Amino acid sequence: MTATDTPVRLQAVAAPDQPDVTPALEKLYRGFEQELLVPLWTEIGDLMPAHPRSRAVPHLWRWQNLVALAEQAGEIVPVGRGGERRAIALANPSLGGRPFATPTLWAAIQYLMPGEDAPEHRHTQHAFRFVVEGEGVWTVVGGDAVPMRRGDFLPQAGWNWHAHHNATDAPMAWIDGLDIPFQYVTEAQFFELGRDEISDAERVTPDRSRSERLWGHPGLRPVSVAHTTPGSPLLAYKWEFTDRALDDQLAIEKDGYGGTVEPGHAAVRYTNPATGEDVLPTIRTEFHRIVRGAETAPVRETGSSVYQVFDGSGTVTVGDTTWSVTRGDMFVVPSWEPFSARSEAGSTDSDSRALDLFRFSDAPVFEALQLNRTQKDNA
Amino acid sequence: MTATDTPVRLQAVAAPDQPDVTPALEKLYRGFEQELLVPLWTEIGDLMPAHPRSRAVPHLWRWQNLVALAEQAGEIVPVGRGGERRAIALANPSLGGRPFATPTLWAAIQYLMPGEDAPEHRHTQHAFRFVVEGEGVWTVVGGDAVPMRRGDFLPQAGWNWHAHHNATDAPMAWIDGLDIPFQYVTEAQFFELGRDEISDAERVTPDRSRSERLWGHPGLRPVSVAHTTPGSPLLAYKWEFTDRALDDQLAIEKDGYGGTVEPGHAAVRYTNPATGEDVLPTIRTEFHRIVRGAETAPVRETGSSVYQVFDGSGTVTVGDTTWSVTRGDMFVVPSWEPFSARSEAGSTDSDSRALDLFRFSDAPVFEALQLNRTQKDNA
Amino acid sequence: MTATDTPVRLQAVAAPDQPDVTPALEKLYRGFEQELLVPLWTEIGDLMPAHPRSRAVPHLWRWQNLVALAEQAGEIVPVGRGGERRAIALANPSLGGRPFATPTLWAAIQYLMPGEDAPEHRHTQHAFRFVVEGEGVWTVVGGDAVPMRRGDFLPQAGWNWHAHHNATDAPMAWIDGLDIPFQYVTEAQFFELGRDEISDAERVTPDRSRSERLWGHPGLRPVSVAHTTPGSPLLAYKWEFTDRALDDQLAIEKDGYGGTVEPGHAAVRYTNPATGEDVLPTIRTEFHRIVRGAETAPVRETGSSVYQVFDGSGTVTVGDTTWSVTRGDMFVVPSWEPFSARSEAGSTDSDSRALDLFRFSDAPVFEALQLNRTQKDNA
Amino acid sequence: MTATDTPVRLQAVAAPDQPDVTPALEKLYRGFEQELLVPLWTEIGDLMPAHPRSRAVPHLWRWQNLVALAEQAGEIVPVGRGGERRAIALANPSLGGRPFATPTLWAAIQYLMPGEDAPEHRHTQHAFRFVVEGEGVWTVVGGDAVPMRRGDFLPQAGWNWHAHHNATDAPMAWIDGLDIPFQYVTEAQFFELGRDEISDAERVTPDRSRSERLWGHPGLRPVSVAHTTPGSPLLAYKWEFTDRALDDQLAIEKDGYGGTVEPGHAAVRYTNPATGEDVLPTIRTEFHRIVRGAETAPVRETGSSVYQVFDGSGTVTVGDTTWSVTRGDMFVVPSWEPFSARSEAGSTDSDSRALDLFRFSDAPVFEALQLNRTQKDNA
């Protein structure tokens, strides 16, 4: 038990909704402090607000800065047992310097040098990888080597053994998303070290993993394979399918039918093919495509999100803040902050590409506990 | 947005599993700080432990002290709009002085003077009341007046309008349990004020609420009443049923059959009669009876619990700490700390009463997200 | 394989929606017959009607006749291994002389002489007992002796060992409901013989079974007892609770609140306390109370029901048929036939008793497969 | 109500487990007949067998015969309002001449002449199409035109408007599977006529339907499209995906890993991408590939199946019957009859093609009601 005892401190103040400051009240508050008690009436505004007021703030991280620092780390920080991963996490500026992008979500850039391995371990934290650029790393999950390339999404449900190896002669960066903060605050975590090195038999570089060959066919499941563990048995959602699904939605919209979220805004959710539910019990992942010139209506949701710009450029607005964004940039949307995005031509991007946004959020937690709410604001 | 920006501070240290302290590393860490980044390798021990290591500590609050302070508050702190409730919460000594009994659970003593009302409001936080002594207060839920007496348990699912009124000429204390800390960290909270005063028609004092008359018959549900909101439609679980259920389990054990948790240890879970699940989406509530001389085997569970001693006396052990306990005493069991209890004759309690423990925990959160684990230790 | 081959017989007819009768058509139909084929166009009216048109007809069986014949059977037909039970089933007049009350439901009177036993067996068919009069028989389920008295309802989920013994010196009759026809048409049945005699230890006559002591407390479940088998773990729903629940609904109605199905019509559904669902996977059971002078609105539902009059008297209308009914009378409501009931003073019943109806139906089958529909007709 | 009253007929017989034939018994049985009652003891062997003994028998229909008769029907039987479809159903020889392949399943060949339409209607019966050869017909479901080609599988959940049109100058045959017998025995059916002609806008011939463009991407669902109706929103499962999924399983087996049902036997189940469950609430559909020389182990299951040979040749064994089969042949497996298949070179098929079997069954009914059992027999 390493926590430091922090004494209760209560100050009687002259304020609306507060009892009159009297010697009796001061005496009462000293009694509370001595017994480690805090009254509701001094805290209710903070604890029970009219709507969520996040401790996190909207913030943007530039991809070029993330990559530059990851490259430096690649030069001087080894990957190995103990540190486990060369992962560098976004720390929301109002969350106490902790590596928490939001109160529930971890987002990091991970970096592997040519030929490097990250050792095997497993943990209850649910994870995924998403690749905004590059290729050459394979994630080995339970002995199944899964390739990672630009646009690929790899869910990694908790308690599966996993390692990475870079099979090429170029470094590679990608992002990791996990529910580390959520499991930290609820105190659910378990962790085990695995083998220090994966076997040569696992050091293969197949184009498709076994999981994709078993579970990656639309609407088809293997009859023989029971699937009872939490999280998706499909370990990679390849870019070609995501890209085509989004284009298909926009083509249907052009034909005059529904399918998009709103005009010019297509979106898919990554789902567990065995259940149709989110790929991870605590994390929702989606991909949004906003055609050039289109703009999304502001939406508020309970729970927080992290976005990464995959392609195109434009502006995004979170609460009162608006940023111009381009490939790789990452930003957070705290709980109940309105979010909208506009797809535009960027300074270095004059072609016809849509604004493509990868998103992850803690929505499954809220839905499982029936705490989810959504509100569409007027633009 | 009132949160204060806390800068990231990273210190390069000479330690196992840490990179060598070099000027390059120092420069890298300064870069991380500037970009609001934190590496995994400095934090992994804290964030990804081998098993949960709670930030909370075991702690005990004596009922006589709680009641004495609540009585003082009754004299000098009015109940009304704004402060809303004369509720005084347990603040775990290692959770920063916040009114959090555990990282996810709120536990408070609430106190109402003769003739007093607590005004109507509603909130997404799930709540319950449990009465260790006294009677005379009715909780009015959606216009249904529910009596509260020693041993009664009243769940109060989120977003239901509710008020209290003390219809007698004696003060009354009881405990409130809520998921305030959980909804605070996940940022899911909504709150609305209701009417300042309940109507005379609601100021009735029936012996049974309408909810009990509709839903309080074993295995029988009203055909006409749909029940789709989260949480139990049964607003009171009266002591006589709980007491009898526990005695029945012990009688079956005496007859040579199963039914108890372990020898001399009976336990019931309060459930939603419409679903058989926990009464609240985020809070599990149970009642345990340990016969004189019996002892429970130590158990570790993910997630935290708060207990109140309802009757009898004995000793309870949480982790390395053991307390003698008696009526009304409250204590917390942090995540993964082993817990056991022994029922004994107390100094002021020489009769044959069993040790009766009321318990609430955050187990439904863990089960909904498939994060629950239990381990029985050797005694 | 004992089924008899029945040749396909197709007749070309001059009728609307039928092809012209020509030699070519006759030749085609002979070809169909030879190959064991039947076209849709000759059968569609029967197979795909605009709404369900039941093969069953409404029918009423008088309790006094059922009891008289059961008594005769008691005199001359022994109960024992092979025949297994002295059960005499309702045979809907339009279901081919089969012992099927409706296309999916079995309803029988069972009769046990003083001191008699019915031997142990188990089967996948789901069953229940309901007692309209008398007492003295215990059903032993998995070694747990469950008493049966007027008004008691005893569900008996499939594949549980069970036997009966009459511990008194009077005969006793009750009704059995099972899904025998449903499992016959779907061909799901398994059956095993158990011990020829139950042990002396099981020949006890407790007032409450162990199942009631564990599961018969409102909203409370034993913490220690997992319940994973289909069907309710509560083996008896005693009359006192059913009676009180119905009176409570009517009292709430008098107070000006909802709770009844319609004015003067209270109803409860027997539910599995572990899940809140129906007590049996294939059979729904309910108890309806219609106060003197009240009348229910006609309702059509997919699926069929069997009713038994428990108390009071009145008239019931099924489709175009109306009967005066009194205690013990049984009748069937085929799929989609409108049903209504009126509570009246009967010739031998001039007091104030309500019309009490016990009902069972195949509704859970329809709901599990999303085939359920209900339509309220204008009275 | 058109059903004919069939009188109950009971014969007292001298047989084991039957009461002695006496004048009293004869009198009792006449009483039963008069009151429309049937005792359990004369029927128990038939109604409650030790295991399912199907009323259906194994039977095989040759595709060449089915097609020849369908072609004749194409010449002389028009398709139009009233008859609705030129569908010719398999009639199991022991099911009374009814067009029931098994007690719960309908299987038919449907045939559409060049340029022909089948008019729009909808029904609660769940349906699918499977194409063993040919192409050129589009099924229009709710205005969405879905192409049909060899190997394609098209589920059609109940209560969706649908029509067919043959857009080519060649006739086309395919098979329909429905739960007509199941809904007939449970009496759940509703049916409505739609428009007599589909619009020109629907008479399009797209290569992919809108449903495929929205839902046909592996593990991806449209964020905007709620899916709450029963059955799959994906209206076609194209052959290329099924074929590849089967080959992938066999390739994984060759690599030394699991994935196939048993050596040389790959199988996929068609699933609803929104839920991971069966495509239809009452019908399971699968595709099995058995490599040349391989043989499946005999399996018994509760519930019945219909198979169609899609490709290859071999022998299939159902109970005591073995047939040589080739493309298009259809056969039924009654409940609890052991089934196995062997892939062999046929007389007209000397190449290396595997034995490909399309299968549908009533398994979801059994699973929803927890009545499913499976038993692997020793070969």
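The letters A, B, C and D name the chains in turn, as written, and every chain counts its residues from 1.
In this text, contacts are C-beta pairs under 8 Å (C-beta built on N, C-alpha and C of every residue); 3 or more make two chains touch, one makes a residue touch a chain.
This structure is a prediction, so every number in the text was calculated from the model and none was measured.
J.: What's the overlap between the neighbours of subunit C and those of subunit D?
T.: Chains that touch both subunit C and subunit D, as defined above, do not exist here.
J.: Using C-alpha centres only, name the chain that sits farthest from subunit A.
T.: The most remote chain is C.
J.: Could you grab the centroid distance between subunit B and subunit C? Build each centroid from C-alpha atoms only and quote it in angstrom.
T.: So the centroids are 44 Å from each other.
J.: Find the geometric centre of each of subunit B and subunit D from their Cα atoms only, then give the gap between the two centres in Å, rounded to an integer.
T.: Roughly 53 Å, centre to centre.
J.: Distance between subunit A and subunit B based on Cα centroids, please, to the nearest Å.
T.: 30
J.: Hunt down the residues of subunit B that sit against at least two other chains at once, touch-wise.
T.: In subunit B, no residue touches two or more other chains.
J.: Based on which chains are in contact, what kind of graph results: line, ring, star, complete or other?
T.: ring
J.: Can you tell me which positions in subunit B touch subunit C when the two form their complex?
T.: These residues of subunit B touch subunit C: 210, 213-225, 232, 234, 237, 241-242, 244-245, 248-249, 251-252, 255, 257-262, 267-277, 279, 286, 288.
J.: Can you tell me which positions in subunit A touch subunit B when the two form their complex?
T.: It comes out as residues 1-9, 16-19, 22, 24-25, 27-28, 31-32, 35-41, 43-44, 47-57, 59, 61, 65-66, 68-69, 72-73, 75-78, 81-99, 103-104, 108, 123-125, 158, 180, 182-192, 230, 281-282, 302-304, 319, 334-336, 362, 364-366, 368-371, 373.
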